[in-house]
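Two complexes come next, and they have one chain in common, chain A, joined by chain B in the first and chain C in the second.
Presenting the complex of A and B:
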């Protein structure tokens, strides 16, 4: 397979899947996003995220420490907006409070850990997930492991440069984008009635 | 004081695992608690995977309960049994390469001093006897020579315990272990003396059989490191698994060794440290 043909798709891919970056997937420029390894416009990726969330059997949000803890000004508002988006989808929220490798004592029913995220996904039979507020280096590790060991569809709402290892990744994600996506979800749900 | 950053974002309280909520509500942060208050607050160590009766686990519990400033304390650990417990410790902690712990702690302390000049940040090394007296002795001694403002705590179980039982420099002479069948040929290294001669402001050897004394030593060691220079605390933490005694005999084994005079608890305080402790204790009254 040539590098450019590599697509970031749900697994299970292998015990040690390659980092998407090493297979030629590059991060998007500002205003763009990644969908399954290809660069698209941000709006297109947002539509795709809404599709995936609303068609999944068990979509789950995984908020990380950056939004779970009110550690600086503005975080509480962002956390509220994330919760509203999850509620609009009808998705469960499972927290990632910190990054301690709590194996094997972790309770996968109520939390997720970046060092063995597959346990939580297997336990709860999660078929689509949103990473938000997870520090980039831990998100990268966890996303790769999920791709390696599960068939979960991963989406990362990143406020930095994005994640190649997620199936869909937005970059420069701000609170306004959360409001926009929540509106899109509500609108789409309304159309379905 | 940093407790304000430990607040859960509003709306997420109900999804947070219970132990995190418990830490916020009942943890030792900003409470000025010590070993005498154990049982009245949520401890920083939970569900550790160490063996039943592990002297090291007990010592670690007591050390964590004694920290004078837990919300602004960073622990640097190293390879060994204690490294298995650190993922369960609800404090900032760094796992360094085997033996590197005092070098990492030195850099960390200096960086924190530059980054937070107006705040007290305590850097405490907690490592085993192998990491402190054998593999990392170079880094330990050099940090003392340089007069780094860090506290070094050795959890002395007198063996390499999680690799099957090899002798360490801290095993007493004649010790026979699973992987030291001929018996150790040389005596226990006297790290407290090395610490004293290397310029530590405060040196103590303590045991978990005397929790209050242990707690006092931890507080003194940290206060000395803040104000004066390096400090060293050696905690006797015998290992039932490798020394082959019953888990419920740990404390009695410690007392027996003290009685025999083969594990001496003592304290060395420089004149400056004496003055500092007197001043601080006077201020408390």
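Presenting the complex of A and C:
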């Protein structure tokens, strides 16, 4: 497959899928987003995320340490907004509190770990997930493994530059965007779509 | 110490410059003076010693908050890693055997996503003992995961060091940058260098935008490990480690955009449509430029490609240039020809690539050596 044809799609892709960045997928500039390896406007990607969340059988939010502790001003508000968005979807929340591998294994019913994320996805039969508040390196490590071994549709709400390895990725994600998406979800649900 | 004000990077990089006639080592000092570096750690090794000595002077003047000498190169590179993990902007330099003595640290830096900037003043590798110019250590460094820039001149050295902090510290990049320069040829000779006013400095590093948690007492209280997996033999450990390595390589890919933004491009060309291309990096570019001028004055169709970024390597650009040339000559200051290997690894037709001429052990490269190859390729 040529680099330009590479698309970031639900797997299981392969035993060891490549980093999308090494296959020619580039991060979006400000105001844009990534959908399955292609650059689109941010608003279009937000619509797509709402679609995916509302049509999934078992969507789950994976909040990471950056939103699990009130380590700086504004984080508690952001965490609350994430919870409201998950509730609007009717999605479960399974936290990623820790980046170290846990042995002999994590309890996949209640947590996810970036080094073996597929245990949680398989155990809970998760078909769509949201990464939020996870440090970028650990998010990318996990996102590639999920694409390699599961058919879960991955979405990343990143407050930095975004993630090529997610199927949908927003960048510079702020609390206002959470409010906007929650409203979009409520509106869509109100319309019965 | 001159009172400095923080300015946005473009303001510093595009400021009206003063031309100074200084050595490469002094150009390093002037870059660090403006880089808002918080900490520098040094260990002397020729031809790097003077650079870090001059950086020490900056500490004495108050431009740097912390500066000390490590026990050896491995200790320095390990200390630098600790400083970067703690969230400070840090600088060091080494060269030759010092590079090899510290070798394990460089992959560790990359794997830990540390935005360290390190200058490598290259020299020969023992044995027999030599302190003379040679770029062979770059061959060893190619797969450590760090970004590798190769300076041709003191101006390059100054600009690459100063701007490397901006490349290294991007969240999606956040891996070390090594600025390599041919020892003695650049470090110990004087050249004209255009330098921004000394009352300007870069914005400070923001460790909280790092892709890995900064290890300070203000950050979120969770456990982390940046050298994990070795203690377990199972699929999860292997798979996570593989994904981790891929992510470090991906970070280098993402650096292309910022090398383009801050250094113009990964390559520079002169007469890229010529029949014969000289492709080089470091001071081999200067010798090639002389040879090109001689050749063109004799009517030969010769162009020059200067490779500034060795990692990430400009694969597409080089593939395209080699495709259109009738012959490619790769002059190098080392015995192994690592740049020729790199070029051959991306070229469609490797038979047109001449892996030389090469000199080493401190020898200079007369442009006539390159001219001889140009004549041979023109028959």
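Everything below uses one rule, namely that the second predicted complex is superposed on the first by the 191 of 193 C-alpha atoms of A that agree within 3 Å, B and C clash if a C-alpha of one lies under 4 Å from a C-alpha of the other, contacts with A are read in each partner's own complex, and residues count from 1 in each chain.
In this text, contacts are C-beta pairs under 8 Å (C-beta built on N, C-alpha and C of every residue); 3 or more make two chains touch, one makes a residue touch a chain.
As the structure is a prediction and not an experimental result, all values here were calculated from the model.
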{"item": "Which superposed partner A:160 touches (first chain B, second chain C, both, neither)", "value": "second"}
{"item": "Touched partner set for A:80, first chain B, second chain C, both or neither", "value": "first"}
{"item": "Chain B versus chain C as contact partner of A:141, first or second or both or neither", "value": "second"}
{"item": "Which of chain B and chain C A:107 touches, first, second, both or neither", "value": "first"}
{"item": "First (chain B), second (chain C), both or neither touched by A:116", "value": "second"}
{"item": "Contacts of A:65 with chain B and chain C, given as first, second, both or neither", "value": "second"}
{"item": "Partner with the higher number of touched chain A residues, chain C or chain B", "value": "C"}
{"item": "Partner chain(s) touched by A:97 [first = chain B, second = chain C, both, neither]", "value": "both"}
{"item": "Partner chain in contact with A:21 - chain B first, chain C second, else both or neither", "value": "second"}
{"item": "Residues of chain A that lie at the interface with chain B and also at the interface with chain C", "value": "68-69, 71-72, 97, 100-101"}
{"item": "Touch list for chain C against partner chain A, complex", "value": "113, 170-172, 174, 208-213, 218-225, 228-229, 232, 236-237, 239-240, 242-244, 246-247, 249-251, 253-254, 257"}
{"item": "Of all residues in chain A, those that touch chain B in their complex", "value": "63, 67-72, 75-76, 78-80, 83, 93-95, 97, 100-102, 105, 107, 110-111"}
{"item": "Of chain A, residues touching chain C in the complex", "value": "16, 18-22, 26-27, 65-66, 68-69, 71-72, 97-101, 103, 114-116, 135-138, 140-142, 144-145, 148, 160-162, 164"}
{"item": "Contacting residues of chain B [partner chain A, same complex]", "value": "5-12, 15-17, 20, 47, 49, 87-88"}
